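Order as written gives the chain letters A, B, C, D and E; numbering starts at 1 within each chain.
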């Protein structure tokens, strides 16, 4: 990969992923590896600026009616796909309809009634109910645009042999399990204003290597052929940082890990028991033990950086920090007693024992171990089972657990986080992701309302209310927020790539800021 | 001869059928819901049910098997649940690198092991013998993935003689060699250890045969005895031994492909197993089995040419 | 000078179970143009002796402790491997015990038969092939031309043995050692091979050592006999002497125990006891414990001279009965009838192991 | 005679036929072809008939591979005969049920050529000898033990040997153990399949003498298979000669040896070295090798090698084994 | 009667005196002891078994105890093999690993043996379609590369100790079947089987009493030589995340645990790696030694 050097214009930048994408059809997927491979190829109507506000991108401007049930969006003119076809309202409509039909993230269209191409470069969206977050959603790569002609011509091969967008990189080739090759779109000039470089990117080719084995990836990044990667394992971050050849940036991510507590199973159906658990947990210790220090404690499910997240001070105040005595008191009061610290508490001859599942991967298995320890200190007997994910989901859906380690990818938007983890619609035994089996009309109502609340401040208040509600009820115990790592060789200049963590997507580099200078 | 070849080929059919049944049974018996895994978190139960239906997961096992077999007979191994692509295509894309790796590993194994085994046997108890036996046992005992990690660490990270991982370059070019060498060594070393020992003992056995004594009694020099009388006979078991190595080498590539990011079938299989991508698991194992069967077939046929005692007519 | 002289050969094997003293002083000689039959029970050291001559003992475990093997005046034991290679397969050839395993299964008959010729002479391949064909025909193999290109497994046991013989004869050796060449064969085939040996004697003038454990077989062919017992040579004599006037008690008793075709059905004489352990070097006459003429101390404590106690060159025996150590004489020498009687009058309950 | 009177059975008179073998056949399938079908048979025994009289020793001679062992084993139904009948003491054992066969095994035993291989190396000598009694008789453990002690001494070993492992014994001694085992159930009929051919002459003599003694003591009938003519001559009352799966001549030992009728018997006898000063001069040396039993010659099986070949009749007609003029039984067209 | 007179009590000269099976075993042991490698292996394995049993008594630390004050410490007196990412004592974990190696080895090989030997005996003894069916199953199973099958089974079952045992057991029995059947075929040729039949011994007993003991030595040798494979496969599957789960101190899992730290904390995966190697070398040495000892023909 280390080819000719020079002025930086004919360089290759080699990125690395830890698993091969399944498809590069943007409307077929929402997994991280695929998204990472697609973001540089496809542009969207909006992007998120450093203040986390939506900014038009392939759109020029937009209007919405008062209750936010109708959007009229003007499109950029003169944009061409990599295959030379034109980007216009028809193509955009076709793409968005295709996304609504196929995408796993189609829910982001909310109650969309229809899309009208009201002009050559104008789209009108009609919703049944208010959809205030629509522009934010439109910033996701799944809402991007592919050349209709290319999609139709390639048929099933689209996303495998062919990927055609409008973005700064042009898809060239995909060698399975090996690498994906892109070339620079020389004509690109639509980078958002907040970027230092809004023209073509600084290198000639972009390669994404697939390196599944973490150790190998570490070696590749430090001394091998990979120039940079966001896939470095937490345990390797320090090594990268310490290595002479490499640099490492850390950025907090909104992506939370937490414990889901089954509110239906004994004894965790008692709120006191759940609260005692929350008091027993020491988030800092988990960060150290399970994340190699590469994470940050969270006290609400939605960390402060998420849209609608609760600020830390409030969260800590309303919520829980480790306080073993309070935990013990709570349990004592609830009738769960023991003679000595560390012993298992009993009530009417029943042990205070909970079944605790953890995923078989790091950091979850370690979270399990550490938490088990913490719970036992206040008199729980936590029967930890470390399970492979398929088995774990099966058993959790069967409600066999009291406690399970969980994480949520994304998590940037509080509404989503709060809905998917605790809304009764998502009740796990029915196949949803509410693994706390939490069913509260009150909570559901707040979330539903927040979803359609047009006013930003109002909405935020509702979201905060929801978070405080769950801090009281404790169907989950927030644990740790992940940290993103940007690792790169020293010869890569990456000055601005973390300035705006959501550009071009929360999971991606700011490739525009990358400069390769191997001289 | 031809009759034997045909018979031997026909014999593969029931075995092949058996293999498909074994593979399918394992796959169908496995717990976990691939539809769920494919859809990811937050998928609605309806969507899961629908996908299950699309994938035929709601059908009884034997129906699924017959459907699958019907496809297999037409070269269609089904569709990947995760990527939605044809399993046949997925495998074809990765077959090449796996074969490359296996063949190079095999070649290395044979090139190292056979001469070493012969020399060790001929100079039994000499320092050559002792040293090569020491190393044979040493290599034999090393987990290949661990060896792989160590090789990467030493030769790619520490001394940087070779690239760390991946596969690049056109076959047989310098670049290609630089990429394939470490994984091939990691795959082949254990096998080489084994083969050296097997070669040595089979050569020793031959050197103790009466006809070697006869040859020595003719007053032929000892080198000529070994090469004209020993080698031809030693080659016969060697073919078997090499044949026995084939499935082992292919087994070995699976884990090495993961360690070295080699874009082959092993990675496809490992990923598919973890993601419960049934059709891919079924297809990959089937292809591995076909390779093994074809290799064994080749060995049997080669045998008939090598060993005049075998008369298959 | 005799063609081959073996003088007081001692060989032992260092095995896991301890030392095996396989040869404890073997001495005999073969004259030019004579057939020497070597006979003895299984394990008495026949093959080891011949392997020593050929320099084919695997060492370790074998070790030639002492003794000399002189072939045409040169001591074979002092030769280097390459010097030995000049002789074996060329001037001395050997036919091995088992024709089934002694031919290389992977090489054609032709290649194997030609090999000694190509190694020891500088004749061309085609000449060698021609000679091989002739020799095979001489050995009674019709259709030799086709045979040259066949592999050993395609041949029957008798044919393979003929091939072995042809292979040994192709260089027209001065000495041919045949180690039980008929043991593995059927009577009718054995008869064919014996016939062949008789014919070959006239055609090739070569000395033959013919090893067997089958007395009747050797009596068909040999001029002289060497009787081996427990790693020693008990007696060496002309074949006629052997029948008329055997000296060693073992020889005599052996002869009595053989069922004979032309004798009446009768109870067979047996040799009591078993062969002594090979783990200890000899401390007396190896046959002492089983000997009917055993006469005390000298037999048990003094090893009879392996070169033979008598001065007579044509009839040597290794037994104290014929030395001054003996206070008795062998019964048959003084009174042969007496001995016969003694045999016949053996009480029945003695006829046990 | 202290031993096992309770096992004594009523013996029929000497010289009555004990075993009557008729047209016994044993074919082993040969497979081949693309589908590994049965493409032919090794006709190991192909219609052999023989009567064995109570109390006699009948020798069976023939070349290696001619079917002697197969014959012996088929007679005992140790291998299932393909065709033909074996009548033992009036009962057709080829028809016997499994249970009946087991009872019959008490009457018929076998001693093998290779003593070492006929004794399970993992068993003690006493277990070896006791085993048939355990399965074939109702003797109690004590009775079995007593009989074992008796037997071991009968065959010339000592009770000290009972606790030892087989590999501690010499070939001759192992053969004695095997004989003791065969005798343990007090059989009437024993097939001895080359009982001495793995042994040295001096040991062979002892075993032959032992068999002889035991015959008298236990009133045994022997079928002695052997390829060594001199041994057969020495121990047998009558001799049967087998060639390629068929009996070609049967007769009393002396008559057959003095005046063989069948050309094959003649050749066989003349091939045997005499162990005397006179060398064989009138030897009949047969040409060629015995043909394969897979594809035996037509007519008389011996005709391709026969020195007395008398024309197409030999090739076309199978000679019958029957009594000829001078009371001699042979199968040859010469005597038609 | 006549035979009572003289009895020959001498024992064949070639053989050493002594009594039977113990004598055999003595010879085998002596042969084993003579091969230094095999002796070393035996001593190692003996130690290994003892350590496995008494691990709790001799390990300086609780193998599962995390200590956040002593993360990734290099080998020292307190922690002879250093500590891992969670401050656990690598030495204790490696010692405890012997338990898992033993457990896996014994259980898996035990299961393989029960299935494999049973089928092998049946296939070898009964000809005809029983044999054909069994051997076809073996052929089929042999056509699927072992670890590929094991990986699929273990992975699809979700990983963990039990699936690992199931997977490797289901894959490995075929070796026993092949070996045993081959041996049975040759034992059956021996005349003592025929002799047993003519002694009226029922088939079942012939198999158990006459055949099994005579094929047992190759079973033992094969089992010993299978041990390395079982250890390697468990390690490999654990490494791929389809075997024993991380906190369990199984050697393969330990290597997997420390693989990312080869540069910064080499001791985490290096010591378990050496433990695997040493154990495999030991078992190979014993296996070879046993094979040579049990089969003098091979002893060269």
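Observations
Heads up, the rule we're going with is that a contact is a pair of C-beta atoms (placed from the backbone, for glycine too) under 8 Å apart; a residue touches a chain by one contact, two chains touch by 3 or more.
Because the structure is predicted, anything quoted here is derived from the model rather than measured.
Minimum number of contact steps separating subunit B from subunit C: 1.
Each of C-D and A-E has its own count of C-beta contacts, and the greater count is at C-D.
Subunit A and subunit E have Cα centroids lying 47 Å from one another.
Annotation: 53 Å between the Cα-based centres of subunit B and subunit D. Separation between the centroids of subunit A and subunit B, computed from CA atoms only, is 40 Å. Annotation: 23 Å between the Cα-based centres of subunit B and subunit E. Contact with two or more other chains is made by residues 31-32, 149, 153, 157, 258, 270, 276 of subunit B. Counting partner chains per residue, subunit A has residues 213, 215, 388, 390-391 touching two or more of them. In subunit E, the residues that touch at least two other chains are 2-3, 6-8, 12-13, 15, 158, 241, 259, 262-263. Residues 64, 66, 68, 85-86, 158-160, 241, 245-247, 259-264 of subunit E touch subunit A in their complex. Interface residues of subunit D facing subunit C in the complex, by the touch rule stated above, are 63-64, 156, 170, 172-173, 176, 200-202, 204-206, 208-209, 212, 227-231, 233-235, 253, 257, 267-268, 270-277, 279-280, 283, 285-286, 289-290.
Touching subunit C in their complex are the following residues of subunit B: 209-211, 213-222, 224, 228-229, 232-233, 236, 306-309, 311. The touching residues of subunit B, when paired with subunit A in their complex, are 31-33, 36-37, 39-45, 48, 80, 82-85, 90, 93-94, 97, 149, 152-153, 156-157, 160, 163-168, 258-264, 267-268, 270-271, 276.
Note for the complex: subunit A touches subunit B at residues 1, 19-23, 28, 30-31, 104, 156, 160, 175-179, 209-213, 215-216, 219-220, 222-225, 388-391, 393-394, 408-409, 420, 426, 430-433.
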